[in-house]
Amino acid sequence: MKKTKSFAKFFMIILSAILVMAGCSSKESNTSNGDSKAAPYEVTIAYLSFANIDDLPAVQEEINKITKKKINATVKLMPIGPAAWQQQSNLMLTGNEKLDLIVTTASGGFLTQAAKGQFIALDDLLKSHGQDILKVVPKHLLEGGKVKGEIYGVPSMRDFGMNYGFGMRKDIVDKYQIDLSKVKTFADLGEVFKLIKENEPTLIPVVNAKSVANPVTVVTGGLYDQLGDYLGVMSFKDKKIINLFGDPDYIKALELVREWYKAGYIAKDAATSTDTPESMIKANKAFGFFNRMKPGYEVQEQSMTGYEMVTVRLTDVYSYTDAAIGINLSIARNSQNTEKAMELMNLLYSDKDIMNLLANGIEGKHYQVKPDGTVSLPDGVKESKYVFNQWEIGNNYLTYPWEGNSPELWEEMKKFNDSAILSPAFGFQFNPDPVKTEIAAATNVLNQYKDGLETGTLDPEKSLPEFNEKLKAAGLDKIIAEKQSQFDKWKKENK
Amino acid sequence: MSEITMKTADTDVQSVPAKKINKRMVKFSRYFPLFIMLVPGLIYLLINNYLPMFGLVIAFKDINYAKGIFASDWIGFKNFEYLFKTKDAFIITRNTILYNGGFIILHTVIAIGVAIMLNEIKNKLMKSFYQSVILLPFLISMVIVSYLGFAFLSVDIGYLNKTLLPMLGLEEIQWYFEAKFWPYILTFIHIWKSVGFFCVIYLAAIIGIDKEFYEASTLDGASKMQQIWYITIPSIMPVIIMMTLLAIGRIFYSDFGLFYQVPMNSGAIYDTTNVIDTYVYRGLMQLGDIGMSAAAGLYQSIVGFVLVLISNYIVRRKNKENALF
Amino acid sequence: MYKSDRITQWVSHTILLLLSIGSIIPFIILVSSSFTDEATILKDGYSFFPKEFSFAAYDYLLNNSGSILRAYGITVFVTLFGTILSLTITSLLAYALSRRDLPYRNTFAFIVFFTLLFNGGMVPTYLVYTEIFDIKNTIWALIIPGLLMNGFNVLLMRTFFITSIPEPVIESARIDGAGEFRTFFSIILPLSLPILATIGLLQTITYWNDWFNGLIYLTEPSLFSIQNILNRMLADIQFLASNNLGGNAAEAASQIPSTGVRMAIAVIGVLPILIAYPFFQKYLVKGIAIGAVKG
C-alpha cells in the first residue's frame, strides 16, 4: 500500500515537471519568433551526403549571395551522412526543429511520411511560387507521386527509367573474342559464362552482391512493377496485381539462375556478400555482374572497377511508379516559411549558377570547365574538398557533366527517359495502412527467401513452395486484394 | 526526492500530535543528507527515463504528426497484432527465450569460474595480462565482430573454408546457409564477447570479500574447492542474483548486433537466428511505423517485468537481503 | 597444502592462457587484414599473416578525415568528464540506497530498477532532449542522453556497498560525529575502490565506444567523436545494402571503404582503450591490497 502511494506521488511530480518544462519551452519559442523581422529568411535544407565536404561553408556563402538578391533568403545546407540519415531525417520530421526542405526517398519511407502528415502539401505553393518547377518537371512524374490526392514531393531531375543487362570486363571479352551481338536473351549469357568458367578458373563469371540488383530481378526486368515492396506486383502483361512468386515467367527466371549457380557461374556468397561487385572486379577476381542501367553506366563502372567495361543491355527502358517518388525534395511540416522554401526550391529547378554551385562547387576551386562542356578538377588539385551526390536535388540538367561522361549526357538522359515504357501502375502509390500487420509478417518471409532464391543459392524446387506457403500464412492474399482494390479505385479516379 | 518526505510531513501537520511531528522532523533532518545524495541521480532518471515514457502511449495510437502524438487516434491493440499473428511468432519467441536462457546460464558459470581463477593467480603481471586480454572482445562493436565472423566463415575467402578445413581434409561448408550451426556459433560469439565483462564484475565482488574468512578456513584445513564452495560463492551470491534478475528482466530483448549483423542477415538461417528484435526490425523496415515498434518494445518490457517480479518474489522469500527491491 | 596450491596455480594458468589465446586470435586476423592489400584478401582469403603488406587502409583513414585528431580530442574529453560525472552521481545514489535505514528504500530501489525494463523509446527520448533541453549539436549530447547513469550500475554498486561495507564502519563514523557526506567521501569511497574501478571502467568503455548519441543528436561534424567518424564509414555499406537507390547506388558505392579499411577502423577504435586499461587494472589490484589491510 505504502509503496503504491509514494509511487503515485513520484508520478505526480513527474507530471508537474513535464508541465513546467513544457511551459518554459513554449515561452522560449514565442520570444524567438518575435525576433525575426524582415531579415532574410534562412532556408534549412537537409540532404544525404556521402563524401568530403570541408569546403561546404564557402559554397554555401556563394549560394547565399545569389539567393539574397533573388528571393531575400539565405540557405543553410545540412548534409547528413548515410549512417545517420534514416534516423536523423525521421527524427527531425518528428519534432519541431527548424527544417524547411528535405530530400526524401521512396526507400526512406516517403509514402509513410507523407501519409502521416510530416510534409506540407505542395499543390497550391507550386502554382503560386513554383512556376519554374511546373515547367521543368514532367507532369506525369510530379503527379505520379501524389499521396491521398496531393503532391508532397518534387522529383530531382535524373534518370527515371532503367534497362537491364550484364556488365563485364572488356579485356576478357576481347581475349576470347566473344561476340556480344549474338547475345539476344538472358539465357544466351550462359554460353559466355561457360566460356569464362572453363578458361579462367580464377575468375567468377557473375558476382552479384547486396549492393546491386539480384540476377533474377534483372532477368525479369520489365515484366513487373514491384510497387515498392514485392508483395503483390503489377504485371505488365496482365495489367493486374499478382503474386510475383507464383508467376510462370518469374519461376522460369529462377530456374535459369539456379542452373547458373549450380554450374558455378555465380559467386557462392551472392546472397550475403557485402563486398561490392566492383571491388571484386578490381581485385581481378570476377568477370561481371547483372545490374539495372542508365546512360553513362559503363563510364561510371570503369572508374570504380579500374577495368574498361562493356555491357549487353537486353531490355527496353522501363519506368516504374517508384520513379516518381524515388528521390524528391519535400517541405517539412515544421517549416516556418513555406513560401520562401518553395521559392528556393523553384531556384533549384531554374537557376544554373545555384545548381552548379551545389552540384560541382566553386569554379576554379573545385572544378574547371573544359572546352567540350564537361568539367574536371582544376589543374593541380588532387582531391576536391566539396563533393556532392549529384542526382539528389533539383534540376541536374542545368549542371555541367563531370569529365568522362558525354558532354551530351543530359540530352541522352532526356531521350532515355522519354523512351521509357511506363508501368501500367505509373502514378499509383499504395497505402499500406489497412494491411500493415500482414506486411510486417510477409516482409520477414520475403527476407528469408528472396535473396537466396534470386541468386540461385536456394533450390526453387524445394524452397519456392515453402516460400509461397509461408507468404500465404502471413497474409499475402489479403495484401494483394487490398492493393488491387486501391488500384482499381485509383484507376477510376484517374481516367 | 526529498520533496516526497517534505510533502508527507506537511500534510500530516494538522492531524498528527505534536510529539509525533517532532519525531518525524528529527528523522527527517537525520536523513536529509541522504536524500540530498539521491537527488542528482533521481533527477537524471526522471529526465532520461521517466519523461520519455509518455512515448508508451504511442503503442496504442495511429500516429499522425499533423495532429501530434497525443491527439492521434487510439487504435487499441492493433499495433500488437503482427507480433502474434503468424507461425513465425512462435519461432521467434522460442529462439529468443532459448538463446537468452542459455546465455544467462553459460556466461554466469564461465565468468565466475574465470574470475575465481584470476583471483587465484599470484603472478601480478600474468594476472593483468589475462584480464586485459579476456576483456578485449568486449571492447569492439558487433559490426566489427560480424566482419571478424565473416573473415572466418566466408564461403570462399574465410579462414575456415580456405585454410583450416582443407588442412583437416574436410569439405568446405556454406556457413551462412546452414541453420544447424548457428545456435553454436551465436552462443560461442556471445560467450567470447561478454565473458570478459561479467568476469570484471564478479572479480570486483570477489576482491571485496573479507580475507579473514579465507585465512580462518585455511587454518581449519579447508581445501581450495571447499573455500570456493563455502566462502567465495556464498559471498558473491547477492551479485550473482542481481545480475541474473536483471538478465531475466531483459530476456525478451536480444543483442541486435549479434542476431542481425553477425549472421549477415542471411535469410536461409532465419529458423535459428530470427529473434523478436530482428523480426520487428525486418518487418517494419518498409513500413517505418513507430506505433508498431513501440508496441513490440512494450510487449518485451512487460514480459520481462512480470518475470522479474516473480523471480524477485521467490528470492525475497528465501533471503530478503538478496532481493532487488 | 603447498602441493594443492601449486596445482591450483598450474590449472588456472593453463586454462586462462587458453582462454587468452582464444580471445586474441580474431584480433590477429583483424590487425593483419588491416595491413593487407584489399585485392589480396579478396583473392587469397583472410589469413593470420599478411602476404603483401599495405598501409593503404591507414592512408585512406588519414586522408579521409583530417578531423580525426579533433575527434580524438572530443572523445577523450567526453570520456574523462563523463566518467567522473557519472561516477559521482552513481555512487551517491547507490550509497544512499544501500543504507538499510533509509526511509522508502525499497521504493527508491524500485524506481531505479523500473528504468531498466521500461523506456519510452528513441523518438520520445529525442523529443525530450531536443525540445525541452535543446541539447542538439552541443557537446552535452555526447555526455548526457542515455549514458550518464544507468540503473544497472547503480544496483551493482548498491549491492557492493551492502555486502562489502560493514555496518559498524558507518555506525562508528557517526558516533565520531562525521556528517553523512564526510563519511561517504572520506570513509566509504576509499573502501570501495574495486567497485569504483569496475564501474569507472565500464563507463569509460561506454563513453569511448558510443556512437549512437552522435548519430542522433549531431549534424555538426566538428563535434563528432572518433566513434562517430568510424561508425559513419562502416554504416555506409549497410545503408547501400538495405536501401535501393537504383543505378545511383553505384556512384555512392564507389565512396565506400574497403575490407582492409574497415579492419583498420576497428583497430584505431580499440587501441586507445587498451592503452587506458592498465590504469584501471592498477586500481583493481589496489583493491586487493585494501582488502588485505581490512582483513
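Which chain is which? They are A, B and C, in the order written, and residues in each are numbered from 1.
As a convention for this text, contacts are C-beta pairs under 8 Å (C-beta built on N, C-alpha and C of every residue); 3 or more make two chains touch, one makes a residue touch a chain.
The model shown is predicted, which means the values in this text are computed figures rather than measured ones.
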| item | value |
| --- | --- |
| Overall pattern in which the protein chains touch one another (line/ring/star/complete/other) | complete |
| Farthest chain (mean CA position) relative to chain B | A |
| Leading chain pair when contacts are tallied as C-beta pairs | B-C |
| Centre-to-centre distance between chain C and chain B (centres being mean Cα positions), rounded to whole Å | 15 |
| Rounded Å distance, chain A centre to chain B centre (Cα mean) | 38 |
| Per-residue overlap in chain B, given as positions that touch at least 2 other chains | 1, 4, 50-51, 54, 154, 156, 285 |
| Chain C, residues touching no fewer than two other chains | 41-42, 104, 106, 110-111, 123, 127, 132, 231, 234-235, 259 |
| Residues of chain A engaged with two or more neighbouring chains | 6, 10, 94, 274 |
| Contact set on chain A toward chain C in their complex | 3, 6-7, 10, 21-22, 24-25, 46, 50-52, 54, 78, 80-88, 91, 94-97, 105, 107-108, 158-159, 162, 202, 210-212, 274-276, 278-280, 282-285, 291-294, 297, 300-301, 303-304, 326-327, 383, 389-391 |
| Chain B residues within the chain A interface of the complex | 1, 3-4, 7, 46, 50-51, 54, 62-67, 78, 81-82, 85-88, 150, 154-156, 174, 176-177, 264-268, 270, 274, 279-280, 282-289, 292 |
| Complex interface listing, chain C residues touching chain B | 4-5, 8-9, 11-13, 15-17, 19-20, 22-24, 26-27, 29-30, 33, 41-42, 44-48, 88-90, 92-93, 95-97, 99, 101-104, 106, 108-113, 115-121, 123-125, 127-128, 132-133, 144-146, 148-149, 151-152, 154-156, 159-160, 162-164, 179-181, 184, 194-195, 197-198, 201-202, 205, 209, 211, 231, 234-235, 242, 259, 262-263, 265-266, 269-270, 273-274, 277-278, 281, 284-285, 287-288, 291-292, 294-295 |
| Touching residues on chain A, where the partner in the complex is chain B | 6, 9-10, 13-14, 17-18, 90, 93-94, 109, 112-113, 116-118, 228-229, 267-269, 271-272, 274, 333, 432-433, 436-441, 443-445, 447-452, 457-458, 470, 473-475 |
| Chain C residues touching chain A - in the complex, by the definition given at the top | 38-39, 41-43, 63-64, 66, 104, 106-107, 110-111, 122-123, 126-127, 130-132, 136, 215-216, 219, 231-232, 234-241, 243-256, 258-259 |
